[in-house]
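You will see two complexes here that share subunit A, one where it goes with subunit B and one where it goes with subunit C.
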Partner chain A sequence: MVDLVLGLFSRLDCSPDIYFLEAIINGLLLAGLLALLALGLNLIFGVIDVVWICYAEVVMVGMYGINFAYKGGAPFLLAAVFGILVTALAGVLLHFLVIRPVLETPPINQLLVTGGVLFLMQAAATMAFGVEFKNVGIRLGSANVAEMSFSYARILAFLVALGGMLALWQFLKRTYVGTAIRAISQDRQIMPLMGVDSRRLYLVTSAIGGGLAGLAATLMVLQYDIYPQIGLQFGPLIFMICVLGGLGNMVGGFIAAFIISQFIAVGSSCFHTEWGYAVAFLFFMVAIFIRPQGLFGGKS
Partner chain B sequence: MTGIRVTPAGIIGILMVAALPLVVRLFFEASEKYYLHLLIQILLWSFIYTGWSLMGRFGLTSLGHGAFTGIGAYATVMLWNFAGWTPWLGIPVGVVLAAVVGLLVGYPCFRFRITGHYFALLTLALTEFVRLCIVGMRDYTGGSLGTQPKRYADGVSLYALQFEPDRMLSYYIAFALWLVGLYVWLRVDRSMDRYALDAASQDEDAAASVGIDVTREKLKITALSAALCALGGGVFAQYQMYIGPDTIAGLGLSLNIVFAVIAGGLWTLLGPTIGAVFTQMLAETLRVAIQGSAELKGLLGNSALALDQAIYGLLLVLFIIYMPKGILGTGTDWWRRLREKKAAS
Partner chain C sequence: MLELSGIDAGYGAFQALFGISMRVDAGEAVAVIGSNGAGKTTLMRVISGLLAPRAGRMTMEGTDLIATPAHKIIETGIAHVPEGRRLFPRLTVEDNLRMGAFIPAARVMYSERLDYVYTLFPRLKERRKQLAGTMSGGEQQMCAIARTLMSGPKLVLLDEPSMGLAPVIVSQVFDLVKRIRSEGYTVLIVEQNVSQVLKVVDRAYLLEVGRMKTSGPAAQLAASDEIRKAYMGL
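Right after this comes the complex of A and B.
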């Protein structure tokens, strides 16, 4: 045990040099993607009051969809649109078939039922595409700045994620449906009395949430291999960010993504990758103990 | 409170389960090892599921029990492989460790009233944290590939608590463990704590106002539940003679635990056991059916490997939507209604 701890510290090499700066900036770039992932989940929770435990699996479906379309000869942008449509449809189906029947039951049932969908989607992906790692095979290269290197895929992901978030914000702010969605997230009981069709709004929200997963999938196929279990790698991370920012709080989730990604990036550069993640999870648990409603959550 | 009296039906049930290996020996001698292996798995998982249901039935839906089984299994094997401690010491260390972790995570949760979604997601983070730690210490734990406890002598040893080659012995160890699990469940069910926790799960303020120390009650049940799962994890490692971060820890396992219990029935003594029988048999039947039929195998190809998982997931969704009380809960409801109808007519 003693040499285990010593071994850990011998790897500790966090001098503030150029690599450290590189890690911080890479963490920043990762944060954009994580924030986008968290945004979809937060939107769904904020409006429908349901946690999709299988949210990362919806992303996985999107990744396979994009890979399928791209390998089938479609240009990448078209493939991306196809992926987004597939995930939006998946979101609608998920809500219609699985969430709607349990909307009136205890909240924990809603969380668990999507856990069943998680198993189903993973297994279905394995059956359809096998367990092999797949890759769309697009290499964007990387930018080299003062001995630091940043892959263009990450920079692109960061920018598109920010753009996507801005677009959603504008949508919620300026359109009629967006206003209705914001209203219903504030009071689920009153809005139906005001003549808002909550069932339709829930479907629209599920489609948007699914579509955001598809957008994230577009950015992820450029950086990561696709395999059926990829959701287990990202899923817990997304939940952590959402809870840390306050479930349903979109701005909080955005900030939390930046905090968590710094832990991961800097932790990974000092220790092994797993320890970066482990430190992030530890921080999360401590933070939740200090502020149970999330760092930026109001009273629930 | 009164002691636990075993009804005649209970005695017959216990004797029947105790006699199962003899039945296997009589009728399936050729593949005795395989059938016993199935039964042992079912009993060991039943024990772990029962441990989880102690908490789950009071609305404390923990996704963190994959962490506790992992702690129990890894503490046992690591102490044996690297410190030479016998599992007779290693398992208690793992059990205490898991209980302490449960208390550490539980205290703030219960103190600050983290319930529902937040509790589930927080315990999920605990699971992930433990799994990452296991993978991270790969020099000792073998990382994501897992590791094996070192074999001692010919593989059957009291000192090393290794019994895997002797399936009969393994069965009765698992059987004893299962009985312990049921006994603990009954003890909790008949205790004052059960009423306190029932009250707290329905309305915490009201429960606190009549003098129930809600945090303390929840901590007690958490420690107990975590300890049982760690014990199950430790024994499971000794039987399987292999531990991997995804087989005995991790989110997948946590979800499996929750689902099996819900499928079986969350609020009954034998619900978790039925859940274990159901899930293990489902996976095994599908596997055998697919392997046994050339057409199915040809039709599905490699994807046959995931068919049982797909059906499993689908069934879980259907269960939660249409049968949230589980197999046993729904079954007893039907039985009761049938009897009431008879009594009325």
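Right after this comes the complex of A and C.
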């Protein structure tokens, strides 16, 4: 036991050297993708008041969709558009078939049905595509600055995620539908008085939320292998970020993504890779003990 | 313009309205008065489609309102300022006004109508970037009325506009009602503040525990002993 603890600390290396800086920057790059994933989930929760437990599985479907189109001969950009359309459609179907019937039921029912969809999608993906890891096989290489190395796929992911979030923000700010999306969580009952059909707004939001998952999938296939359980790697992380930022609070989720990814990146650099996640979840638990409503509690 | 006949409505086992018949003609200002719990707000919710009636007929300029989905009622020209104003508190004043112009027919008129309501209520123009929830009660009522005008309504439903406001603000709110009347809107207003509201309307209906008790010209009701005793504390 003593050896184990000592062994752990013997690996502790947090000296502010170049590797530490590399970890911080890699954390920043990871944050863009996590923020994008959290945004989709927060958007859906903010509007529909339902948590898609299977959100990461929608991303998984998008990754398989992109891989399918790309291996089928489509150029990558076209494959990405295909993946986004597939996940947008998946979002609409998920809402129409699964969420709408339980919309007026207690939250636990909603969690359980979307949780059921999670396992259904994993099982279906395993049957359709097998358990082996797939990869689109695009290598973008990496940028070397000083003695640090940053993969272009991560840099691209960061920039595109930021661009996607900016585009969504403009949409929410400038359009009528976007304004209605911001309004509905503040007063659901009077939406008909404004001429808003909530049922249609839910479908539009589900399509956007699904499409954001597809955008994230596009960025992820350039960095990660595709396999049926990939959602388990990201799903808990996305929920943790959303809850830490205050569920439904899009700005809070954005900031929380940057906090959590620093814990993961710096924690992995100082300890082991696995410890990065453990430290992030430990921080999350302590933060939630102190602020149960999340760091930026309430909806934005 | 608006006609109701034999409307029954309620919530679950509780029936709130019994056989309500009434009409509002174009250009009129009409009040529904009555005490707390008489069914006034339920009546407004039925007219704007938030609550489906159990029986009866209801038309707006010949359009059957009962067959119209709630979010389409505003397209018939009925705009509802709900009880307690119900602004979107964390949206700016201007975003609230934009929500009022959500229907397609109103979107194309957005900038003209925005200029119009800002001319009508210059205070809102000063506060257009402010979050609606941070304004005073009177300003919020102004914003809630302006929001309904953004849809280009023919008939404005006002539900208890004076509720929860300080006495000095209440008279300002009734001035607002007079102003939208003079702008040519038809007004149906529901109020507990009977003495004040009878000064700004042409006709009134008296609602008592879900039934229409009486109706008549405002001056006549204001002079009735029964109403003066029961509702005006005189």
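Assume the second predicted complex is superposed on the first by the 296 of 300 C-alpha atoms of A that agree within 3 Å, B and C clash if a C-alpha of one lies under 4 Å from a C-alpha of the other, contacts with A are read in each partner's own complex, and residues count from 1 in each chain.
In this text, a contact is a pair of C-beta atoms (placed from the backbone, for glycine too) under 8 Å apart; a residue touches a chain by one contact, two chains touch by 3 or more.
Quick caveat: nothing in here was measured; it's all calculated off a predicted structure.
K.L.:
In the superposed model, which partner reaches more residues of subunit A, subunit B or subunit C?
P.N.:
Touching more residues of subunit A than the other partner does is B.
K.L.:
Applying the touch criterion given at the start, work out whether A:197 contacts subunit B, subunit C, both or neither, answering first, second, both or neither.
P.N.:
second
K.L.:
When the two structures are overlaid on chain A, which partner does A:111 contact: first (subunit B), second (subunit C), both, or neither?
P.N.:
first
K.L.:
Does subunit B (first) or subunit C (second) touch A:144, or do both, or does neither?
P.N.:
Touch status of A:144: no partner.
K.L.:
Identify the partner contact of A:179: answer first if only subunit B is touched, second if only subunit C is, both if each is, neither if none is.
P.N.:
Second partner only.
K.L.:
When the two structures are overlaid on chain A, which partner does A:277 contact: first (subunit B), second (subunit C), both, or neither?
P.N.:
Only subunit B; A:277 stays clear of subunit C.
K.L.:
With the two structures laid over each other on chain A, which partner does A:187 touch: subunit B (first), subunit C (second), both, or neither?
P.N.:
The second partner, subunit C, only.
K.L.:
Could you pull out which residues of subunit A sit against subunit B in one structure and against subunit C in the other?
P.N.:
Shared contact residues on subunit A (touching subunit B in one complex, subunit C in the other): none at all.
K.L.:
Inside the complex, what are the residues of subunit A that reach subunit B?
P.N.:
Touch list, subunit A to subunit B: 4, 7, 51, 98, 101-102, 105, 107-109, 111-113, 115-124, 126-128, 130-131, 228, 232, 235-236, 239-240, 242-243, 247, 271-272, 274-275, 277-278, 281-282, 284-285, 288-289, 292.
K.L.:
Considering the complex alone, what residue numbers of subunit B touch subunit A?
P.N.:
Touching subunit A: residues 59, 61, 105, 108-109, 112-114, 116-118, 120-122, 124-129, 132-133, 135-137, 139-140, 250-252, 255, 258-259, 262, 300, 302-303, 305-310, 312-317, 319-321, 324 of subunit B.
K.L.:
In their complex, what parts of subunit C are in touch with subunit A?
P.N.:
48-50, 69-75, 79-80, 82, 86, 88-91, 95, 98-103, 106-107, 151
K.L.:
Spell out the residues on subunit A that touch subunit C in their complex, using ranges where they run on.
P.N.:
176, 179-180, 182-183, 186-187, 189-198, 299-300
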